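Each structure below is given as structure tokens.
First subunit A sits with subunit B, and in the next complex the same chain sits with subunit C.
Let's turn to the complex of A and B:
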């Protein structure tokens, strides 16, 4: 097979296989008539009726708001804590046991505790819960990124008498940013997961709440519509993040490409 | 696959293998700072003291945050009961079965998809779409289909653990030294031996990292299944303690879950290190 035909086959397969899976799903569900697995067409109609855009404001917007705020707080806190910890060995020795511990704790174990501690099942508790667990990927990657900086660079900046603030803004932060971005990407998908967990556990609105209510009332179509929506949210968040990262870190990739390996 | 995550994964693997730069550490050591072990103990002790004081001084009401000593004492009491150990064993069982199923499925599928370009692009979209679906979203579905049984817990844990392991395996297979593969092919080494002698050993560092990530995910999801579906285990105990306002028990069980998480984390990190020991990247420093 020559190169061109191969490429065409590849692209064809990339399009055909997902379509085939969807078609198989539709045919199987139409044939099986299962109450738990509604037809694909039913799910899509339900998806349109619910989310485009009848209940978008009521349930999707609060969920997005929680993800955005939780993620935002986590990123700022993770970088702000990670840079000093990455730069100082003593701070690192002090902080690592705590970071390792909280990172190992399964997040849902803190879900009931967050409600008890914050006396809330509203946004305050949701955002705090999301932010708490999304900090760790950013924090750990910031620490690693800062530690990975060529010490010669820092020593040189210091030798030229560049003040600490400038050193951090112009050298440490940009040098660590590719790795910080990798941590942010992990955090973003974690934010969607923790949002669903928090809302499914206790809430009065949101996508997770729709899941909970449709389960309790045995309505399969809205439940599937919610699952599809959550999948889409996770996917879109990832795609948007990659686009933003590619733009913001374009300089980094150019530099890497020029670097002889 | 996208370029950036590939770099990130490579860097991750490289960082685990090569170890960070040690220069600033050595400088600190010359200046004669406190030893790491001392700082480690002091750091944990101070956090425990802060916990105790925050609760005792009433900064957070003792009902909402039982003091550290109260919680540890409660955990000690619970540890004398049969119930505690059964719950712990049930959670571990869900974790182990889920992780096992994920490994059995993800590694072979990852090898096939990783070594065949055409198949990889055929399944790229479904994988990229299914991977970010939070497994938690499947809980209500499992609740109604498989019911509140061990099968639901294992399914959830396996589903969550499957994706990171699959992606790691695919990257690993693709990262195998092409010269080694071509050489083996030139020597007419049969496909199966090539798999055992070149592809698999070459992909092991990635698979080991994948298993480490997957084992954490599997525990989270086993616990989640118990918490949300009332399946027996630590999750159900936490749920029960919260429902009845038994806050001391709630904290004690959460603490136990944290220790289990830490144990599994240390176990899988140790396993990863062992699996990587023979790898050239580990030996590089000693040449």
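Let's turn to the complex of A and C:
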């Protein structure tokens, strides 16, 4: 496929097809008159009334705050733990069984205990809950990335008398950064999932809470509006992340293209 | 006049002593002897090449000298001080240029990297980087990523990095083994030229006999397992050397023949 044809197809795939699906939804719902599947136009009106921007401050901002804090804590913790574990065979030996066990536990299984242990359904519990599950993709990718570093690079730095701290900061971290970023991307979508889950389970605000209340009060339009919002949040977070990654890790693309690995 | 010409034999100073160096890995039945008993010296300003059959432990030797590997027995002494960690006045160039350079940053930053923790004024640091890149003729490429350059150019970046570090002794581990023949000749001449400009002592490990004779003041020939020094061959070919003229000299042919015979006798026969 040449460049022009590819671009046309890409635009079609990203814009035209979703638009066609939405149109089909509108036509079908207008025809079906189902109370569970409101018309697209009804959902959009509801979306505008709820989120642009009447309830934005009350429900969307707390959700975003939880995602940002939980994700941020997970990234810092995942990297901070992943580097020493990746560098030390001994530490891996001791830590890996625990990491593998905890990451195998599904998030809903830990929701009740997180509330009991933290005596709270407030932000602290939600952020801790999100952070706990988002740590694993970052942690495992950091460990892998650190292990995959070319020994020649480290040996060269040692030969030049570069202190261990600086080697970690300026060699290990950048060398592992492409893999860390891949882990962060997985964690980011997991952060949105766990946020909705935590809020749906027990909360007094947030988009997950809106979802729960609409369901309990049998209001389909706000429920669909919440679903659309959650989807959009996840989608936008991913797009922003990809833009940042593309800029910061431009070297990696070029390097991979240049090196016959 | 170049430093090695002015030097009289009486005034030479031994910079580096390798005394009964041995290195083995593992223990018991699985013990692998990389080096059995290696002894030789390198004098101030000298260019010493180490050759030996492949698998004889040349890289192990170099890593022990660099302070990257602890010797199992014996010692490496640099200016009277026993080497236990990488010494500050030593720089290293490895064979795998592509893997010893940081792909995420520019050529300039790669050369600058080892200088970061040296106590130097910022201007001095920048001058060292600019000068060393000029010495390897890469000034125009200082903003490029290493992987945007050819293999030979990448190895020149590694050489520039070593030069900017201002070592008194430079260790090179088969630095030109993965570049094409033409580039290899150019890089050999570049090393001779910068050695002249910077007045550094060089310990150069190679498996290429022609290269060792062409570059060296003395060639240390290693034997194969148990690895020790078979012979130290002095090379008195006139300097500056020339890729064509020097290699036409009967002395060159004679020396390379002599070294080749020493190495071949050590080759493990392929069954």
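Rule of thumb we're sticking to: the second predicted complex is superposed on the first by the 243 of 261 C-alpha atoms of A that agree within 3 Å, B and C clash if a C-alpha of one lies under 4 Å from a C-alpha of the other, contacts with A are read in each partner's own complex, and residues count from 1 in each chain.
In this text, a contact is a pair of C-beta atoms (placed from the backbone, for glycine too) under 8 Å apart; a residue touches a chain by one contact, two chains touch by 3 or more.
Please read these numbers as outputs of a predicted model, since none were measured by experiment.
Put simply, more of the residues of subunit A are touched by B, taking subunit B and subunit C as the two choices.
Once chain A of one complex is fitted onto chain A of the other, the partner contacts of A:113 are limited to subunit B, with no touch recorded for subunit C. Applying the stated contact rule after C-alpha superposition, one finds that A:170 touches subunit C and leaves subunit B untouched. Residues 150 of subunit A contact both subunit B in one complex and subunit C in the other. Against subunit C, the residues of subunit A that register as touching in their complex are 150, 152-153, 155-163, 166, 170-171, 174-175, 177, 251-252, 254-255, 258-259.
On subunit A, the positions that touch subunit B within their shared complex are 6, 9-11, 13-14, 16-18, 21, 36, 89-90, 93-95, 97-98, 100-101, 103-113, 115-117, 119, 144, 147-148, 150-151, 178-179, 181-182, 185, 189, 192-193, 196-197, 200-201, 208, 211-212, 214-215, 218, 220, 223-224, 226-227, 230-231, 234-235, 237-238, 242, 245-246, 249, 253, 256.
Subunit B makes touch with subunit A in their complex at residues 2-5, 7-8, 11, 15, 20-21, 23-25, 28, 33-34, 36, 39-40, 42-44, 47, 60, 64-65, 117-119, 121-126, 128-130, 132-141, 143-145, 216, 219-220, 223-224, 227-228, 234-235, 238-239, 241-242, 247, 250-251, 253-254, 257-258, 261-262, 264-265.
Of all the residues in subunit C, the ones that touch subunit A in their complex are 63, 66-68, 85-88, 90-92, 94, 96, 98-100, 102-105, 113-114, 116-117, 145, 147-148, 165, 171.
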